[in-house]
Amino acid sequence: MSRFYRIVEAINELDKRWVFLVVGLAVVTATIFRLTFPEVPTEMVEAIYEKVENLPAGSRVVLPFDYDPGSEPELQPMADAFVRHCAEKGHKMYFIALWPLGQSMVAGVIDNVLREEYPDLVYGEDYVDLGFKAGNEGVIAVILTDLKKLYTTDSRGNAIDRIPMMQGISSIRGFDLILSVSAGYPGLKEWVQYGGTPGNIPVAGGCTAVQAPLLYPYYPDQLLGLMGGIKAAAEYEYLVMEGYPKFKERPTRYLTALIRMGPQTVAHLSIVFFIVLGNVTFQILRRRRRRMN
Amino acid sequence: MKRTIPLLITGIVGAVLVIAYFIPHPPFDSLREDFSIFFDIIAAVAFILGGGNLIKMHGNRVSRREEGWGYSLVTVVGFLVVLAIGLTKVGNPDGFRGSSVTAAGSLFDYAYQFVFRPCAATMFALLAFYVASASFRAFRAKNLEATILLLVAFTILIGRTFVGAWMTSWLPDSLHFLTIPYLAEKIMVVLNYAGNRAIMIGIALGIVSTSLKVIIGIDRSYLGSD
Amino acid sequence: MKRILALAIIGLILLVLIVRVAQGEMPNPFTDLEGFGIWFAALLTLAIISFLYDDNPVYKFAEHLFVGVSAAYWMVMGFWSTLVPNLFGKLAPGWTMSLFLSERAELTRDPLWFMYFVPLAFGVLLLLRLTPKGGHLSRWSLAFILGTTAGLRLIAFLTADFMGQIRGTLKSVSGYTPAAIAGGATSYSFETMFWDLIAVIAILAALSYFYFSKEHKGAFGRFARVGIWVLMVTFGAGFGYTVMGRIALLVGRIEFLLVEWLQVL
Amino acid sequence: MQPFGSVCPQHPGRRAGGLRSATAFVSGLILFVCLALPLGAQVPTTAGSAGVGLTPAGGVSPVRDLEAADTPSDRGESATVRWAPPREDTGAGGAVLGYAIQRAPQPEGPFETIGQASPGATRYDDTHVANGERYFYRVVTLSASGDVASPVAGPAIARAQWINTNQWNVFIVLVLLLGFNLYFIEHIRSGRKTFIRKIAGLEAVAEAVGRATEMGRPILFVPGIQDMNDIQTVAGVTILGHIGRTVAEYDSQLVVPTSRALVMTTARETVKEAYLSAGRPESYNEDNIYYVTDEQFGYVAGVNGYMVRNKPATCFYMGAFFAESLILAETGNSIGAIQVAGTAMPAQLPFFVAACDYTLIGEELFAASAYLSGEPKQLGSIKGQDIGKFVGMLSIILGVSILTLADLTGWEPLTRIAEFIQSFWSTELA
């Protein structure tokens, strides 16, 4: 076997760890140098932005946070951008969680976004954290008919009847928007199936890139917009940045998704490189084998 | 006898829950939700079996000084400590009867923030590497099916970056349908969606059959022996 | 030689870290709980990443700690978010409130509260496994669970996935788009028609692949083969589309290490 | 396992009673619904022609044909008000700003506003009513130039119904599918033969178990990370039972880490039974089926650790999987194990297909237990699924053709049929 074929063979059977090393280095480098690339918003993302933008101030928005730390890096920028946009527009935000850990995610957004950036907003008047309830899509079905059946208190233990923004609300029927952030089951799909469609409430939201293709079937009839993964979040940030230029000032705080797209692009290209490399070596070796037979 | 009662329980509960879907009258209207909650309660009770098994297994390794018993000790100690601080809500700002168990400031939340969360997120992040190694190894044009898999994955991957748009931007408007963003979109919205639909329809039928077999007692290996 | 080199590199890294901590440029693990937590989390992160190279004692430690801590975590969550409100709270609201919840919770008695004896009973039966003779009684609980699962899932998948997906497929493939406003003009597009038609054929082809009781031969076999191609496109697309999310997770961890722990960015 | 071409020897002495009673149960259900259907309806009360406030003000008219009645097919405590919008209602942004729905205990009033509806709406559900009480409704058309009230409709008396007639289509589909399954289960039990095609992943099970035995290494079975309330886990555990039997016959070691305590319990019962029926109860070791943690990634960390340290020769992944699918499959690949996966999570199938040797795709996971059991009555359910698919495909072909034709010709009766087909498959509440 000539030296050339030995090298090709070695590359063809390359130890996984070299692949790991290249991908790791590419991502670390891009993160350190904060590489960014321009984004073009897609229709599905623009539809959500327009909806939030065009609802009159004081509209009631349900924000289900159905994800956990595992998918936090992918979904947090989206959640933050939704909350910022709602807060800018003065919508009333009702946080809810169908995942046990979703409650921690809600608490995080309240602490990091609402309390820090919008100290004027009052808990119980402008936003409320209803907390986690077990029961998955059953919870949605219940709060669509009788919210108090499950929620006697908010996540902090306050009786629902004593919360100003819960006055006169017995169910989420008649709310203006469900804006979900979800990482799987139960999540956006269940909010469409058990909440939005039967209750006739517009539903939009974001999910991980993995889930997005499964939710395409619901767009645009049952889902007015859909955001898949960090790329869509970057597009949303881009739109919010255009609409509210003050967010340009601190990109590391407000534009986390745009910044995160840099390493994504670099990593994609390195994977594409490995796929090409693998196929080139595979074809060379296959030709040789055929010739030798 | 030992098998008849469980079979009856499964059959009756299953059939009633199916029928309850068509009965809006209380108490059937909420029966399906109630039974979901019942399941959660039984699952929560079952934690005793799971946790007990964990302690037994690792405890045995420690007491017998089996190979790697030190690691088992780590598991046992981690388990018992978090269980204790969680059940007693140590450090909870509002005390034992106060706010939720995950309240910031409690030791339980501390364990979550600095042990649970970094471990879970890092395990999940390993996927970035495995996706790369799996792509390198599996996406090879070995036969027609594998080539389709490879070409589609390649198109979508590159279509997710600005390079996709840039690579085919020189094509004239009349050949718009050959640009990578266009192809990527159609693959996702038309074919991916059609394939997933077919898979979901098949799954639903499989689930209907499997559920039926469970309800009428054909599928019952879980019931063990007489 | 290799060993000495490795030790030297580790030593150098440690030295840099110590200097940075001493100068207050990084969280100090010895002065406060928060700093210790960040250090511990960072080391656990590195320990798990080290698994990519090979199994090693550091990974083993992280793995065993994670298993113990997370098992207890979910047990505690099960207690506080399921057993307390949904079992104790239903069966004995007053007692539950005075023992576990603040006065603000205001639990009231459900009119059908006695139903909650059902899960209690089956829960207790399940625990009879632990006794030498009660093993077979625990199967009653399993039977109850299996019946519940079958009864709930049968209808849920029938409506949402079987009927829902067929309903979603039922669309005209004429290529005409109805007018957006009443009285407006309809529009025709060959492209729409083409892709709509492809979608329907693709679904039918993929469904025929799942046909078990007919041999995949002849015309049907060829159609089922097209179905396999559709599935391959579906999987290729699913795979390619997912990569992005996975990279995002890795970036999240790298940012934790660089920003919160090393504080270099 | 039995060969499949010749599957169906009759099992004499088995009770057929269970199946018969199930068939009887289904037909009884149909009868019950057919008889009860007419009882559920309540005639809506239309607004009297002599209404109040009929004067058009500033160009908008009151709503027409107002009806108020109990909301049908519900749990009670709800009344439905329906109306035809006035011609000035051109949707959002038009002259009509919306509607206020008003309610009173007597037709004379006093009326209070209980809710609002947006322009274009034709229905409002009042969910704050008590069962058995009489309520009267009117709808006020809101406009910038002044509001105008409709005549009063009522009384509406809310009550709970016993039958949800909105779901008649679901009921028909349910009865059909269950009927196909039961029919073919019975059909094949009675000795008729049926063809079942080969499923590569399942053909490989015996080979994979044999390989592990030869190499003297354990077999790993992962039943997914969901609890027993996911039917995929149920399917996975059933397959575990069949694999357990093969393993017991080969006398190799089967290791099952689980992510849920209930799955551990069920898997233990199942595997114990498998060893017993293979005649080797003494080889069964309960400790090989153990609970790791409920946490998804904690579980993966544990299973990964097991894999690299004990190097199982064969790994089965059967059940509900999420992101961990690829972590497990790549680790399994790196230790050189034969890997057979099966899941009905569409999002994870691509990873299993890419990284495993064999993958049971979606429905194949559910067919697997019947296939592996080789029992005639189980195989009947596969045939039943196929007929269900056939009906689905036929509906798609017919439905799409009729819809397209209706669209192209614009022929009224065809359009109606098309709409009916669409509404038949639609499960949204009316």
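A, B, C and D label the chains in the order they appear, each numbered from 1.
The definition used in the following text is that contacts are C-beta pairs under 8 Å (C-beta built on N, C-alpha and C of every residue); 3 or more make two chains touch, one makes a residue touch a chain.
Note that this is a predicted model, so its numbers are computed, not measured.
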Of B-D and A-B, pair with higher C-beta contact tally: B-D
Relative to chain A, chain with the most remote C-alpha centre: D
Approximate Å spacing (C-alpha centroids) for the pair chain B, chain D: 17
Interchain centroid distance [CA atoms averaged], chain C/chain D, Å: 19
Centre-of-Cα separation between chain C and chain B, whole angstrom: 4
Sites on chain D at which at least two other chains make contact: 75, 170, 174, 177, 228-229, 231, 234, 262, 265-266, 269, 291-298, 301, 323, 330, 346-347, 349, 351, 353-354, 361-363, 367, 382, 385, 388-389, 392
Residues of chain C engaged with two or more neighbouring chains: 48, 51-52, 60, 62-63, 66-71, 73-75, 77, 81-82, 86, 101-102, 126, 129, 139, 142, 145-146, 148-150, 152-155, 157-158, 160, 162, 164-166, 168-169, 200, 203-204, 207, 210, 231, 234-239, 241-244, 247, 249-250, 252-253
Residues of chain B touching at least two other chains: 15, 18, 21, 30, 32, 36-37, 39-40, 42-43, 46-51, 54, 98-100, 112, 116-117, 119-121, 123-129, 131, 133, 135, 137, 139, 149-150, 153-154, 157, 160, 188, 192-193, 196-197, 199-203, 205, 207-208, 210-212, 214, 222-224
Touch-based graph of the chains, sorted into line, ring, star, complete or other: complete
Residues of chain D that touch chain A when the two form their complex: 75, 115, 125, 127-128, 296-297, 322-323, 330, 334, 346-347, 428-429
Of all residues in chain B, those that touch chain C in their complex: 2, 5-7, 9-18, 20-21, 27, 32, 34-52, 54, 58, 68, 71-72, 74-83, 86-87, 94, 96-101, 108, 110-129, 131, 135, 144-146, 148-157, 159-160, 177, 186-188, 190-205, 207-208, 210-212, 214-215, 222-224
Contacting residues of chain C [partner chain B, same complex]: 33, 37-38, 40-42, 44-45, 48-49, 51-52, 60-83, 86-87, 99-102, 112, 115-116, 118-120, 122-124, 126-127, 129-130, 136, 139-155, 157-158, 160-162, 165-166, 168-169, 191, 195, 198-200, 202-207, 209-210, 227-244, 246-247, 249-250, 252-253, 256
Interface residues, chain C side, partner chain A - complex: 52-53, 77, 81-82, 86, 101-102, 104-108, 160, 164-165, 168, 237-238, 241-245, 247-255, 258, 265
For the chain D and chain B complex, residues of the former touching the latter: 18-19, 22, 25, 29, 33, 73-76, 160-164, 167, 170-171, 174, 177-178, 181-182, 185, 227-229, 231, 234-235, 237-238, 241, 260-262, 264-266, 269-270, 272-274, 276-277, 287, 290-298, 300-301, 323, 326-327, 329-330, 333, 344, 346, 349, 351, 353-355, 361-363, 365-367, 369-370, 375, 377-378, 381-382, 384-385, 388-389, 392
